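There's a structure below that I have some questions on.
Just so it is clear, A, B, C, D, E, F, G and H label the chains in written order, and each chain counts residues from 1 on its own.
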Amino acid sequence: MDPDTVRALLESVARKETTIDEAIDRLSHLPFTDLGDAKIDHHRELRCGFPEVVFCEGKSPSQVRSIAREILDKGGVFLGTRASAAHYQAVGQVALDARYFEDSRLVIVDRREERPAVGHIVVATGGTADSSVAEEAAMSAEVMGNRVTRLYDVGVAGIHRLLAYEATLREARVVIAVAGMEGALPSLVAGLVACPVIAVPTSIGYGASLGGIAALLTMLNSCAAGVGVVNIDNGFGAAALASRINHAAVTA
Amino acid sequence: MDPDTVRALLESVARKETTIDEAIDRLSHLPFTDLGDAKIDHHRELRCGFPEVVFCEGKSPSQVRSIAREILDKGGVFLGTRASAAHYQAVGQVALDARYFEDSRLVIVDRREERPAVGHIVVATGGTADSSVAEEAAMSAEVMGNRVTRLYDVGVAGIHRLLAYEATLREARVVIAVAGMEGALPSLVAGLVACPVIAVPTSIGYGASLGGIAALLTMLNSCAAGVGVVNIDNGFGAAALASRINHAAVTA
Amino acid sequence: MDPDTVRALLESVARKETTIDEAIDRLSHLPFTDLGDAKIDHHRELRCGFPEVVFCEGKSPSQVRSIAREILDKGGVFLGTRASAAHYQAVGQVALDARYFEDSRLVIVDRREERPAVGHIVVATGGTADSSVAEEAAMSAEVMGNRVTRLYDVGVAGIHRLLAYEATLREARVVIAVAGMEGALPSLVAGLVACPVIAVPTSIGYGASLGGIAALLTMLNSCAAGVGVVNIDNGFGAAALASRINHAAVTA
Amino acid sequence: MDPDTVRALLESVARKETTIDEAIDRLSHLPFTDLGDAKIDHHRELRCGFPEVVFCEGKSPSQVRSIAREILDKGGVFLGTRASAAHYQAVGQVALDARYFEDSRLVIVDRREERPAVGHIVVATGGTADSSVAEEAAMSAEVMGNRVTRLYDVGVAGIHRLLAYEATLREARVVIAVAGMEGALPSLVAGLVACPVIAVPTSIGYGASLGGIAALLTMLNSCAAGVGVVNIDNGFGAAALASRINHAAVTA
Amino acid sequence: MDPDTVRALLESVARKETTIDEAIDRLSHLPFTDLGDAKIDHHRELRCGFPEVVFCEGKSPSQVRSIAREILDKGGVFLGTRASAAHYQAVGQVALDARYFEDSRLVIVDRREERPAVGHIVVATGGTADSSVAEEAAMSAEVMGNRVTRLYDVGVAGIHRLLAYEATLREARVVIAVAGMEGALPSLVAGLVACPVIAVPTSIGYGASLGGIAALLTMLNSCAAGVGVVNIDNGFGAAALASRINHAAVTA
Amino acid sequence: MDPDTVRALLESVARKETTIDEAIDRLSHLPFTDLGDAKIDHHRELRCGFPEVVFCEGKSPSQVRSIAREILDKGGVFLGTRASAAHYQAVGQVALDARYFEDSRLVIVDRREERPAVGHIVVATGGTADSSVAEEAAMSAEVMGNRVTRLYDVGVAGIHRLLAYEATLREARVVIAVAGMEGALPSLVAGLVACPVIAVPTSIGYGASLGGIAALLTMLNSCAAGVGVVNIDNGFGAAALASRINHAAVTA
Amino acid sequence: MDPDTVRALLESVARKETTIDEAIDRLSHLPFTDLGDAKIDHHRELRCGFPEVVFCEGKSPSQVRSIAREILDKGGVFLGTRASAAHYQAVGQVALDARYFEDSRLVIVDRREERPAVGHIVVATGGTADSSVAEEAAMSAEVMGNRVTRLYDVGVAGIHRLLAYEATLREARVVIAVAGMEGALPSLVAGLVACPVIAVPTSIGYGASLGGIAALLTMLNSCAAGVGVVNIDNGFGAAALASRINHAAVTA
Amino acid sequence: MDPDTVRALLESVARKETTIDEAIDRLSHLPFTDLGDAKIDHHRELRCGFPEVVFCEGKSPSQVRSIAREILDKGGVFLGTRASAAHYQAVGQVALDARYFEDSRLVIVDRREERPAVGHIVVATGGTADSSVAEEAAMSAEVMGNRVTRLYDVGVAGIHRLLAYEATLREARVVIAVAGMEGALPSLVAGLVACPVIAVPTSIGYGASLGGIAALLTMLNSCAAGVGVVNIDNGFGAAALASRINHAAVTA
């Protein structure tokens, strides 16, 4: 609850400009819009630093369209993750300027005039096959106002490829390390740099990768300190965390 | 590899002050001490921002004693995690000023004259039973030079307890949220603040908590963005990550 | 076994109106119809409060059609869950008034003249993507004679959305809380109300949601008391349990 | 938030009897006591129908003692679950009338003059070895004001034992069915009665019972409708849910 | 190794009718046909009581065709399990009298003049949806020379349906109990009869059935003695075991 | 329900020798003794071929003593499995002739004059370390009236050891194959014999044996037909199943 | 890092033929080609004995095409595993002589004039259905310069089939044993031979094979010594390990 | 079966020096000693290259003593793994020269005059805490006649420690890489060397290491080719495999 708003309201009550019933109502009236199936949280930017992002999977195209319309009515940017082509088409009906990135399954509408980019964030991958998840992370981070450097296919099977980019890694304010199979990349990176490392396991691999569980466990058990892990294939989640870290550094 | 050292070395070769065999040797001579069973990584502070921390579990007391002696010979601070009383006694033989914190299983020797504390980091717990893990995080973070605020027993069964401290949470540069059982605390916190949230699952709970796996999964699946997860009961890991974030902010 | 029926039978034996062999036969003759593959349990309404509900998955359309015909011959209501379009068409051949709800995969035939609705039951969801499971619960509950209030997309990423509806929740006689991902909604609700809470995990989420196992474990480990859990995506099961609780309250 | 209290407070502000700063403070001042490690939730009885119950496992005896003293200062009843003998002794130091039930690991202090018991709740077990969990449920339910009937060792290996008590089961307002091994009891009971059934898996069994996971899965997959499941060995959780159902029925 | 054959061979060596090299060769020459990818085990009927049965899944149609031709060249019966339509068509090319049972995925060619049937075996299912697995068991058992009685949809949600057939169950020499969901049927049956019970878990159920793992665990943990478990959906395996038991009884 | 008893009762009703209320009572009066915590099933021998066997784990010594006294009052044999020394001592207080087998954790009291042994059953183990589970099986089978041959340490690491005993295996009416680690023994045996094979996984092995889960899965997935699996370390369960098979053969 | 190259470089620095900046650059310039998404490791043949092999799954056809072109520019052989038809077509655009093996999912371009084959390696399978994985192993091994003998369908259900080929097995320098279902083949082979055995679990089997996890666990728990395990269905991985062993023997 | 022995036997039959019954007996008489519980496989050295090694866990001390006596009667070396102090004492009763290594849990009796050591094998560990498992591997390998180099505490948190020993690694004929926690060491090593790498996961780590399962999965999913995995903490298994590889190279 924003203390200033409450103070203003209470002062208004004290001045009798607002009745008590109105005050009770306003105190319980929070800044979201109720669309029935969905409740759009317009307050989230103030509270958490970025507008509500829409996880499209499991939602019908028409649900996503309604949510997109509502969000764009109130602000200049819409980010939909795990979007299918059908979701994209639905958003396109209310936003002609929507763009779709099929591999990373993102729908983006960005009408902001100014797009400052602070940073920077390095997004690294163990292999080429991890690049669609890495792009979900990189593009989400860019939309959230971060400068991003991509460093793909630097996994542990050829450690010299990673060491060749040690300087790049050391310049980062936060590194997102994306890897499938044995998932060792974040441990290696965390041993090389002093900044925080965000580990993203991917579902790439043979049978006992268990759809990414193997890489996830590797990352949680990293013997190198300074690693935080997000869900399997969750490029967006990594971007959101990296952006918070990166912006915290800016505002510190 | 530090480019300046390499440059100096190469300049010395060019000036014939260093022979080629010496240069080859130095290039491969890295700053660790070989104790046989253990190789102390004296370079880690430069590379990663904090001296090597010793995970004691599985090491014999005499192994830990040797490592502690070596570390204290080269620097002013020793941090041992997952330490038993026997580990503490062994360290005490080479450092009379060693302190032991039984609940959080830490052995600390800190001889630094100046101990600056930047920050701050909030360490929150879902329940009282999570406090030993939380203390491992809080004390480790303090040794690493961070200012820490503790906020214990604010779990979701009584959501008003957490909301009452919303202001404290909002002042943090990073929040460590420690919880067992259903592990929902980090999701809630991440919905209330704009800073990064580090989630620490604990092994507290009834049978289907599966020794903390349930809380771990909850945290990985958080519907709130901005959460990074560490291993079960890994208070130290959370502190190391938080410290990197916190110091990154300072040096930004 | 219904004591009155047994008493009547025994009295008939005592009066020699029924032979002993007839009595033995009747005692073992229970009120179900044998269709070969299926044995329709007409007694279930008396025993358990609602007619047999048909789980369609794994049954062939013709099996479901036979069962539906038999049930409708003996009573006024047919409820088929997990029904495909093919199941619906098969039922439609024997019941022109069958209705199909594709998202929630229900087939309903309801010919009862009077449809009393007691209650009420609140069905809440964490996100919009949980709504198909929630509708399976809500519509099943309505067919079973309960009054239902829907409260969708009130998950923990924006806790104020839930708190805004605290009054609605407090009026419920039982709450069904449906959530995927981290599945924290039931814990929160149970901390706010005094009535029983039924938790339904859904299979919505990124990789480590493990098809709903993560949310399931969260709910089983709830630190808030008063929560009972049903199977993943099992909206019907939640409705059946809620209806028993709600009607128990009525008949108390 | 209790609307009446808010209304009174706002009226007081309107009457200038309360300053705005005082009002802000009170609005954020919630009814819990902060003991540092623990925050006692005195409001819980109003909100959820029963005072805060203390899960002792993982808490130190002195933490439990402090919490017990605080709870007993404000009310007449203390219930500690998963308590060791050391926890009991600590509580005994601040409450001479504390009683300890070793098998069910409960510490109870009950100073209420009137102890009404509504109901009733039937607690059934599959085997004799499940009785310690069943007692945790039964005694917790009694402390919460419910009338309880015990029906132990009526598992599926001898189905006639259960059928012999069908009448008892039918009189219950809610049945708690406790079972280890294959955990089939709740399914059977739910097929015999019309009231809600709470299933409690226990950790009793050979290797592939996986510490109760097998029974837990059985119960979640019950083909009989009307079953809600709680955590493994969680007798208290079952009691809390049963009590909510039972009291809901009373107040309906 | 068949002692009589060895004896005859050795006698032939003693009589100098067979050279030593021939004898060495024959001793290592075992009765299978090598088709390259497959080695047909013609000895299996003697050794294990029934000709080799072909698990088709994972084999190409042409591989299955070659194997079928080879088996039918040497004997009068071919049984293919887990067969697709393509497998059936391939077998049809070498055996016009092949029959295909789509639901149970069996291909059968049976040219034996005499088909004695001993027994009997009762195949029971918990629900109608388990019938395709049950048919795999029942038909396989019949091909193997057993008399089979089917008893479908007698699961625990309506226990009286099972009790009504208690006499049928008691007449069996072995019962195959097939069930998905909570899988309690075998436990119940084993408590009612004195003969061995073979439990077959099926993959029918909601999410936490984990593709049949839940039912499998239930059956392994049965509190009733006398139950042996086979793999999930493995109707054939149950039939093979039942047939061994049934024929053992005959030859005893 | 025994038809003869029912017939006699009904005839008595017809003759007016039994009142209707008495008949109702007797029909629901089943032959077990209620000890409160335990309900002894005296009918089990008639129904299932052997008296109730007591699983001691999880029961208190005094509970086991009461049950043993009750069983011995009605019959001549008591078999307790998973018994600790304390359980044995408690049984010893009511049966001086109780014997305890520490490795196999059995308590046996056998006062029958005649102990016929039919058979036979071969109990084979993969290794010496499996012998305590094998003895649980062998001794239980002997108490149940079976002739048993032991064949220990014939696992797959030296296949010739097993082949040397092929004749012994072929004489069995049923083989119990006990194995830990990779658990391949039952598959091998089933490929060599025509009789049913009961597979018992043991918890012997290195880390990834997962307490016997590895061997359990091996056995469930046996490529050889004719194998039924029981729970990990469940020697008794194997004996009960083998005894049913063996006696079925006798009475066939 | 190759010491000779470093020495030459340093000598050049000493002779002033190379500037210091150039030397720094070259020291960090490692022999891979950066294609953006992919970094081709041309050094791998020197380091690890065989050129980089491309795991195609998860890569786009155009990514694979670029990588193939780059690899073939620098050498004479390209091996792509887990390739789809689309991957094959893309490679075919830059290499008309590419061959595709659909069952084993391999794309091979081999332009080497001399293809020496040392060895040999025996590839054995438990069943015919394992042959596609076995072919991935056999063909990969052949491309890597090994002589291969195939020995398919010699699983444990008919142990005599394996024993008949004991001589072939004993001639191998390394055996690759491929098996699904219960996966016992490697244990058996390791008990018969003195050479190393590489175990490859396959995903062939009924439900509780868990997609190959059962066979994997069997192999890890082998009671026979001398077995190393690779990932489920990972024929290539087995070939790579076998080739290293086979060539190590040659160069010893 | 050894062809020479068979040939000699058959020749003897042909010469009538051996009767047919004697020949049958001898053909089935294989070279093991039957101790009842254990069957000592004296043939294993010929077949598999090293005498039978005894896994002590789960065996009683007296069983191990009998086995040791039998083995030492026939040969000069006894190796017992997973031995407790009690096992050691029992062996000591029959072999005064037995030595016990408590950390690695080995009992060794070695009376061979000549102990040739070929090689070499490098045993590397990720951390100091892995050294007891590494010693089980190193000492077992030495007893089996291999030359061993130890390289401990070279894990991925400080990659320069490993790179400093690259030359040592490159000289090995096989590397055993032992690691707990995230288990990345084998992947790194396999990317640096051309020889085979044996990966040994250890059970060292925080909660989500799942007793070594995390490291096990990492190793199975290695993106570097040439890695074979053994069971968790199975140092002996790695040694046995390494020894086979090492000796294969020698005899090639």
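Just so we're on the same page, a residue touches a chain if its C-beta (ideal position, glycine included) is under 8 Å from a C-beta of that chain, and two chains touch if they have at least 3 such contacts.
The structure presented is a predicted model; accordingly, all values stated were derived computationally and were not measured.
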Inset, instruction - Return the chains common to the contact lists of chain F and chain G. - result: E, H
Inset, instruction - Indicate the lowest number of steps between chain B and chain G, counting one step per move to a touching chain. - result: 1
Inset, instruction - Quick one: point me to the chain whose Cα centre is farthest from that of chain F. - result: A
Legend entry - Comparison of A-H and A-G (more C-beta pairs in contact): A-H
Inset, instruction - For copies chain B and chain D, work out whether under half or over half of the interface numbers are shared, and give different or same accordingly. - result: different
Inset, instruction - Could you say what rotation angle superposes chain D on its sequence twin chain H, using C-alpha positions and rounding to the nearest 5°? - result: 180
Inset, instruction - Starting from the mean Cα coordinates of chain B and chain H, work out the distance between those two points in Å. - result: 38
Legend entry - Intercentroid distance (Cα basis), chain G paired with chain D, Å: 58
Inset, instruction - Using mean C-alpha positions as chain centres, tell me how far chain B is from chain C in Å, no decimals. - result: 49
Legend entry - Interface hub residues of chain F, defined as touching at least two other chains: 3, 28, 55, 127, 157-158, 163, 190-192, 205-206, 208-209, 213, 216, 220-221, 223-225, 231, 237
Legend entry - Pairwise chain contacts, counting only pairs that touch as defined: A-B, A-C, A-D, A-G, A-H, B-C, B-D, B-G, B-H, C-D, C-E, C-F, D-E, D-F, E-F, E-G, E-H, F-G, F-H, G-H
Inset, instruction - Show which residues of chain F lie in contact with chain G when the two form their complex. - result: 126-127, 155-159, 163, 181-184, 187-188, 190-192, 205-206, 208-210, 213-215, 217-225
Inset, instruction - Quick one: which bits of chain H touch chain F in the complex? Just the residue numbers, please. - result: 1, 28-30, 32, 36-39, 41, 43-44, 52, 55, 57-60, 63, 67, 201, 203, 211-213, 216, 231-234, 237
Legend entry - Contact footprint of chain D on chain A as seen in their complex: 3, 6-7, 10-11, 13-14, 16, 20, 23-24, 27
Legend entry - List of chain B residues in touch with chain A within their complex: 1, 3, 47-50, 53, 55, 166, 173-174, 190-196, 198, 216, 220-221, 223-231, 236-237, 240-241, 244-245, 247-250, 252
Legend entry - Contacting residues of chain E [partner chain C, same complex]: 103, 127-132, 152-154, 157-158, 160-161, 163-164, 180, 204-209
